[in-house]
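To start, the structure itself, in structure tokens.
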């Protein structure tokens, strides 16, 4: 598959809302262990807002759609997740601009811009036990797959695999950003909720593309 | 036994303090069921105060001793129990005056005055599920024993028996005075804490006299 | 039992000490017997207003001592009425010669102890009148009970009567005002959780995971019914309607007749609320309720009052008369006239209530 | 979960509605986006002070909106930072043209959301500066964490900075004052019990029958240690000494440099307390603690401060920055100078704090 269509993007967002609703409890439980027990609730609230705004933009270009998603998240999620995921989608939308279809190059450039936005906003580094631990390896893996001539599916498969690995790698880490950092050593031994939701988002995109 | 001595009275008060300490939990539990769970605590606090003041009056006349007990209770028990038991001992002390020994007549007259004081203060009637349900039958029984020529021991035995019967008779009653009255029908099925402590006080006097 | 105390025995005393240390400009504390009193007492020419009762209801009463409210407060042990020597010594301390008004919540212990104190004070030549507060509509039948308990109206009475005393009302007029406030005030509370008396160490009553008690007393006395949890709006409605639709309530109370020189029985009747009435509304937390929840209750109360034609002219939302750490809420509605509103608005400066100064 | 709410979804909104209905003379509430603002905003010529954060800490922040304190407060969902559109719309509403100061508690969510809001507001030509409050000494190491959390000093900063804004301080001077208040304030809290976030429905953490958490965060974040219950005096000592003996604390915060037109890193150091320092002391309940217990803590704090040569010149004892119905206490000590004391004493008139008016 050499193009990711606007339709894919709309289905991604729609499906992501379902996946986050289904994982609301789970993400919240993860956040209960090392945070304040709201990550799933926040993400679910945010994507419900996204869903309510999607109809008004779903026949626009991909950039407009993603920026709308970003704005909806920014104005409804709150907490750390809101600005971070909001920035992720805003930057993704800005990167793709008014396109209706994305090439493999566009796809990787979009994710690169998105994740750089997250890092700029939250100033987390790899290993700080945050969503960056899933996102950054994912982008690097996508880049590598692209360079190796992979198509959309191959790129996303590489990204999801890396995100999953990165997510699981947060377990032994001691958090240095976000609420979990207040736990110090006690934060080790737990999955990071943000890394988990990041993996879910990427995986949902892959599922939509391959379904 | 035809005389109750000052020494009996001092030993009664001393022993009563021990008995109330031993029954602190029990009386409090009874009060928890239909009141505010403090009757044992209140009585114990009161008699501790009494004990601290007893040395300064124990070689005075019986009236002075009993009035001191009453004042100590009034100024340390609080709640309903404080004014009621305080009045009981104050009136008892006023009734016997400066005597150092009591005849059977004195004893009954003392209890009559004491219980009338309680009734005047609290305006409870027989059957209201209060200490009066133990005290009033006890006085009537003591009066009867006196009229039948009973000595101090016989009089007190009659009083204690009647108090015990009166105490147990509070179980089925619906309270009409004190906190328990707020329970309405729900107050039935429980022993009244005040009737229980009244019986203990009388019984302690009998024990001291017969020991 | 986990509490921020050192021991049940020292709790009341240390708490009073803390209050005196925190507000030396407002209050002083006397120990043995215990009472809190205005730092500037006695205030020349002014009738002294004294209240008191078991501890555990803070900020009431000690937190209401100060300009425009109480001259002294006598705290008993937790949930146990104070003793007459406390009120007597407090009266001696704050009486300026203009006499003393005791505001007494209607619990058998409080009533008896304050009556004894009044008798003792009068024996020393201090003029004293006692006015009872008995406003809790959860207690329906006065014939078969001690009568209604004194709850939320006590706070409003202390403010209004305190302001009147500050303005120079004489003892008789002040007692009449206090009685008028009482018969125009009605309250009802509910509990989500129990509380634990320190000396006992275990909860006063048990409520199930999903149970609430409607009509709770401020010492955890049982209420009208125990029901499954309901949304705040429904709870508010149960309490508010019980208050607003409460019929005329008649009972006999004991007051001291200065002319006759003896205690007399007085029959009092609370007139029911009528559309058009102006009211002061208090939404009072029982000690452990977040204030954000109290505002949820106030919101609904506002709409109910509106629908019933009652006009809330002033309000208090917060923890004023509590039951230790109990979670729950009490609603008080006090029908007011111009005089009471003016007195309400008068300056007050106490640890727990302050405005206009 | 038993709470006085109708549903987790409507809780924040209905509570805000209730507050607006109870205090129409003081505050108004805007919904979608949600914020509370002064009834008389914008106040001509005055810098607007805005704060906000997750709900569940009431009365902070909405209860501190009014004359002499905040111009607006932006409440998020319970324990969740508000979103930038709330602060943006609030800034538009209360900005008189003299600019806006955001007082932001140091949590990653709050920091990021307020930064975004500031950028958005500046893009519209509104002058905005952000000052962080990070005063919680329970968080020891700033290198390996988000840095210290913003807790009790927030309340004191809102009062002092609010008074300065009322006096006419310009934006730059106000930001400098706010920063100065922050580096002179230190707090630490503890919990006897957990709290339950309505949307979650079960306690945030579990504490054993006899366990307490020292150094708790205001969202129930874990503290320094979990230990068996201790008497109030010992707990007070643990908290007070952690605060008083806290060494100099240095961290880098992000502030907006108006000259450079960009965010810059600023290094700040909290100077340790010294004998002879004058302090404002706050003994703050976490929402479910009876005020009588808070006074027990204040009592001991007074003696410790005395022994350490600190002079408590003003105090607050009560529930000001809470964690829903959590039982526990937080101590805040703020080193003050003459200017801060004067500003502290200035009149304030908000739903939750009022004096001098």
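A, B, C and D are the chain letters, set down in written order, and residue numbers restart from 1 in every chain.
Just so we're on the same page, a contact is a pair of C-beta atoms (placed from the backbone, for glycine too) under 8 Å apart; a residue touches a chain by one contact, two chains touch by 3 or more.
These numbers come from a predicted model, not from an experiment.
Asker: Would you kindly tell me how far, in whole Å, the mean C-alpha position of subunit B lies from that of subunit A?
Answerer: Going by mean C-alpha positions, subunit A sits 77 Å from subunit B.
Asker: Provide the C-alpha centroid distance between subunit B and subunit C, rounded to the nearest whole angstrom.
Answerer: So the centre of subunit B lies 32 Å away from the centre of subunit C.
Asker: State, to the nearest whole Å, the distance from the C-alpha centre of subunit B to the C-alpha centre of subunit D.
Answerer: Centres of subunit B and subunit D (C-alpha means) sit 56 Å apart.
Asker: Could you pull out the residues of subunit D that touch at least 2 other chains?
Answerer: In subunit D, no residue touches at least two other chains, as defined above.
Asker: Give the residues of subunit B touching no fewer than two other chains, as numbers and ranges.
Answerer: none
Asker: Using the contact definition from the top, classify how the chains connect: line, ring, star, complete or other.
Answerer: Chain contacts: open path, no cycle.
Asker: Throw together a list of every chain pair that touches.
Answerer: Chains touch in the following pairs: A-D, B-C, C-D.
Asker: Quick check on the complex: what are the subunit A residues that touch subunit D?
Answerer: Interface residues on subunit A, with respect to subunit D: 28, 32, 36-38, 41-42, 45, 74-84, 86, 121-122, 174, 176-179, 181-184, 186.
Asker: Which part of subunit C faces subunit B closely enough to touch in the complex?
Answerer: 33, 54, 76-85, 107-109, 112-113, 115-116, 139, 141, 144-146, 149, 197, 199-200, 204, 217, 219-222
Asker: Please name which positions on subunit C make contact with subunit D in the complex.
Answerer: So the residues of subunit C touching subunit D come out as 2-7, 11-12, 14-19, 21-22, 55-56, 58-59, 63, 192-193, 209-210, 212, 229, 231-233, 235, 287-300, 302, 315, 317, 319, 322, 324-325, 327-329, 351-352, 354-357.
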